[in-house]
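Take a look at the structure below.
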Amino acid sequence: MPSLLMEILLVASLLLLGALTLFNRHLVRACTWFVLFALTVSFSWWWMGFPWLASIELLLGAVLTGAFLFHALGVGPTAKRPSGLLAGWHDHPPPRGRALMRLLPALAMLAMLGLALEDLAEGRASVALWSCGMGLLGLGLWAFALHRHLIRRLLGFNVIGTGIFLILVSLADETERAAAHGLIITGLVVAMLGTALGALLIRRLEALEAQHGRQHAAGGHAI
Amino acid sequence: MSQAWLPVIALAASLLVVPVIFALPERAWRARAVVNLGAALFKLLMVIVMVFGLYQGRDYSFRFTVVEGASFLLQVDAMGLMFAGLSALLWLATTAYAIGYLEDSPNRKRFFGFFGLCIASTVGIALAGNLFTFLLFYEMLTLSTYPLVVHRGHPAALRAGTIYLRYTLTGGLVLLLGVVAMHVLVGDVSFGQREMLADLGPDAHPMLIVLFVVLLMGLGVKAALVPLHGWLPRAMVAPAPVSALLHAVAVVKAGAFGIVRLVYDVYGIGLSHELGLLSLLTGIAVVTILYGSVRALSQQELKPRLAFSTVSQVSYIILGISLFGPFGTIAGLSHLLHQGLMKVTLFYCAGNYAEELGIHRIDELDGAGRRMPMTSLAFTVAALGMIGMPPVAGFITKWYLGMGALQSGMPWVIVVLVASSLLNAAYFLPIVHRLWFRPGPAHGRGRWPEERNLGRFETSTWLLLPTAATAMFSLATGLLAGVAFSPLDLAIFMANGEYRP
Amino acid sequence: MIERLGLVSNALPAQAEELAALGGVLGLPLLLGLLGGLARPARGWPVAVVGVLPLLALGWLFLQVAGEGRVWTVPLGPLSLYWRVNGLALLMLLLTQAILLASALYAPTYLRVDVQAPARRQAWFWPLLGLLATSLSLIWLAADLLLLYFGLELMGLVAVGLMLLPGKADALVAGLRYLLLALIGSLAFLLGIALLLGAWGRLDLAGLTEAAEPGPLLWVAVALLSAGLLLKAAAFPLHAWLAPVHAAAWTPISALHAGLVIKASFFIALQLWLVLTPRSAPAAWLVGGLAAAAVVWGGVMAWRAAKLKDMLAWSTVSQLGYLLLGFPLLVGTDSTVAAVAWEGTWLQLAAHGIAKAAMFLAAGNLVLATGKSHLRELAGASRRFPLALLSFGIAAISLVGLPPSMGFTAKWLLLNAALMAGQWIWLAVLAAGTLLSAAYVFRVFRYSFVEDAPSLDFRPVPWSMDAVALVLALASLLLGLVAEWPLSLLRAAGGES
């Protein structure tokens, strides 16, 4: 009974944290939510009895990915106030109608998956895990369709990835667990490296832009 | 063993010249001339050796598999040798001519490199032993002539080059589709294996007719059959040796030669006749002959007039092979050579007038016979040959064409021949008249557009000698038509093989 | 068809020697890449000397399989990884090493003369190049989805890294877009694998062939896998990212990317279709439709492109359409058609890989010489730098598919297969592709033959750069006549059936 309760609690908190990560207007806060989300995911792995996955998720997902995200925003231990151009950036979400329109591809995707997994998911381990994964996938896809901003898309990418990992674990039984874990670890590394590359790129672009802006400004003075 | 390599060596001789020429520096024109002329002579020698071998019944063939179901095959037969001989002879002449013509002009290295490639493709076309190999060299010819057409690099040349490519690449593509379809239908057909198509039976006949039309469209572009001839008059902007080569051997003849191969060596004359394809060819040839002649009449410049004359004259070849019977075959095949010799002479002459006196328009030719007697004499001989006057080569063709028409039961073709000869006369005789009987700058009236005094004689020796030589050849093939190894003799040899298996 | 892919079901544990050969092929490029990063060669010859080593390793691997395809299992903890070595894999490995070696030979001079990038950034080039070779080899050799996923992701990230090296704003923006697309593609791929794993409990391709049953789950999984892969392969509606990426990257990287990286995704996609849904002809026709659109649209855009590198990028989109025609010709057709289409597809892949790499290198030389990137500014190029133009032209012959090039032979086979299958429509597609490619390629020559160009100042191109491009171009031309040789390699190791 407590395990069921715990399961429900975990699913609910994961979905909530995922939604907060994806739809919080303020980027720095969204990234903070993401770190919390990753910590919860790590805890879930541990709770399910996968300490290895939990520690890798903790290291790669929460610590490193979080660090790179904050680096992209220009938030660091030395500079407490965000200095990146994007840090104070607020999204202007599209009007409600269009936002709902963009939900459609995510729903279509979910429906397709549901159709495919109809008879498969029944005999398998955890319905809760499976539905949580689907939920995160749907949220992530929607966020991906909704936002154009790179960091938001990186966040969306990470959340979708987590959703897929959960689905993967829910589908794999004992004999296939090794393969599933191999896939998940690869996926985690890829997600971390992808985020890292994206973050470094954003910083570099900002630097170039700032340089360009200075030159521009200097030229303006000369005239 | 060594015999199988003979066609390969002949091909390689002209192919290997290309990298050598590209490697030589632009200024080394003497070395280039030696390499060019040496290779041309060597190739002529190889062809002569192969002709003798063929008469002794030797079999030269070289084959390797490119992909399953398609092989690269070089083989030597009378028809191929005839074309190879023509290309070897005219390569020699045109190389000499081009050396003189391009003296002191830029990009000579590029010109001679692609020129060599163009001739190598022609040899390949002549020695190709199946449709696949033929296609290889046919496309190579397209590519190697493009830089020659746009050689001058001015907008008109570039425009002509684009149009040339549009026509020939599309034609090549259509030919490719046809050849692929042929391979799927019957497999790899070597030239001369006529029974393969004949054995297919009547069920395949509609398909075969469609295939023939497709292949004909592919080949007809280069053969400048109406309505696929549009590129030829525009390609006139190329330098004179290129025009001469394009019209006499390389491009136009490659198309005509392909059609000859198609009719005789792939379908077989019997099957072509049975399928009614020969009447189709006759129709196309007649239209092209008359259309070309009429258009030639209205041209005011020399080279375009010659170009339309080519459109018309090449179709004599098609007409000849489309007449079912040995005489038609003889006419068609011998005209392949005759037209080459005469047309190359005419273009050399046009080039000489343009280089020496700056003449491009026909009305500027008044009295040029006095200033340039040798060139004008050569021009007159070739023009009379084109009209079909004895004893020049053209007469032989027309004579046999008439006999072939009677033999195949199509006497109306004779009317076409007469009409065409009259048209030929109508556009060539005024030029001859202007050359000899109109007073012009040489008589103290007016001035030449741009006189240059290129050589000790009437013009540069490099230009004059090839002109005289090809004119002599045109005359000799007519006069000595009955002698062994003459084009007529070869054509009779082949016609015998065709109709008496 | 499974036998052609070398996926025999009796997998054997790899012997020590076989493992060593495998390790050599996979590990040596990486090792040499690290070495290159430390040494930063400034000339081509040390690269040439060292670059032979992976080829030797490949030869050793070839000796190990000795004429028949093998599947080896290599245990890794509780997992067992499946490796497949057959004619196809060997051919792809050879192609990879050839193009990589060419790029590596081109790079030192290029980096020194043209880019003049800071040393730190140049140092990154070599390890990434080695890593790219390793990941590509992994993809050709992998016979289970876990390895494929790993290889694909590694390749994607390395490719992004290589794109970013120029460090200029346009390269960064293009790289950013490429990164996002690669990540999306990998998510779709992972989801597809998850479904397969959940449904049939195994990831090795040979096992999946037997286990997989048609049904909605399989279709959704294949759709996800293909969507992810085709996005990475720049197949028709998902191609928009390609042109900016190519335009901004360093020349040898563009060559590698167009020649190999895109092909790897295509390779995986085709392989998965043949393994999972070998009979689903209607879906394959859908891909065929995309192929047709790619050929025409890519061709038209290449024709209209103003810059040399853009033209080449769009031509990649168009040429990839030829490859995608392999789907309708291989999936659900009878064995005689499939046999011809099989050879045609891989020959086309190799032909385009070599020819496009040569064209990029030659184009890089032209751009270096003129200092301009527009087609119009090539006026007079035929006189001033004939060698670069010659390489470009020879490679273009293969691209257009004119004889006697490799592209021609491949097109010949594809046309044959299309006619034999009675799928006439692909004839029209191939014909349109040929004409369009001729149209855009000859635009370059048209400009280069212009004579009355103002004589701008030109930089001389180092001979080694010209030589590399020329050798690659000649290979693409002459391998067409002896295509029987690569094809026999394709057949040799377990390709007969």
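A, B and C label the chains in the order they appear, each numbered from 1.
Here, contacts are C-beta pairs under 8 Å (C-beta built on N, C-alpha and C of every residue); 3 or more make two chains touch, one makes a residue touch a chain.
Nothing here was measured: the structure is a model prediction, and the numbers come from that model.
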item: Chain contact graph, described as a line, ring, star, complete graph or other shape; value: line
item: Central chain (by mean CA position); value: C
item: Mean-CA-position distance for subunit C and subunit A (Å); value: 32
item: Separation of mean Cα positions, subunit B and subunit A [Å, integer]; value: 72
item: Rounded Å distance between subunit B and subunit C, as computed from the means of their C-alpha atoms; value: 43
item: Numbers and ranges of subunit A residues touching at least 2 other chains; value: none
item: Residue list for subunit B, restricted to those that touch at least two other chains; value: none
item: Subunit C residues touching subunit B - in the complex, by the definition given at the top; value: 340, 343, 382-383, 386, 390, 397, 402-404, 408-409, 412-413, 415-416, 419-420, 427, 431, 434-435, 438, 442, 445-446, 449-452, 480-484, 487
item: Interfacial residue positions of subunit A with respect to subunit C in the complex; value: 112-113, 115-118, 120, 124, 137, 144, 150, 153, 157, 160-161, 164, 167-168, 170-173, 175-176, 178-180, 182-183, 186-187, 189-191, 193-194, 197-198, 201-202, 204-205, 208-209, 212
item: Residues on subunit B engaged by subunit C in the complex (per definition of touch); value: 22, 64-70, 72, 106-107, 110, 135-137, 139-140, 142-143, 146-147, 150-154, 157-158, 161-162, 165, 169-170, 172-173, 176-177, 180-181, 183-184
item: Subunit A contact footprint on subunit C (complex, rising order); value: 77-79, 146, 149-150, 153, 157, 160-161, 164, 167-169, 172-173, 175-176, 179-180, 182-184, 186-187, 190-191, 193-195, 197-199, 201-203, 216-217, 219-221, 223
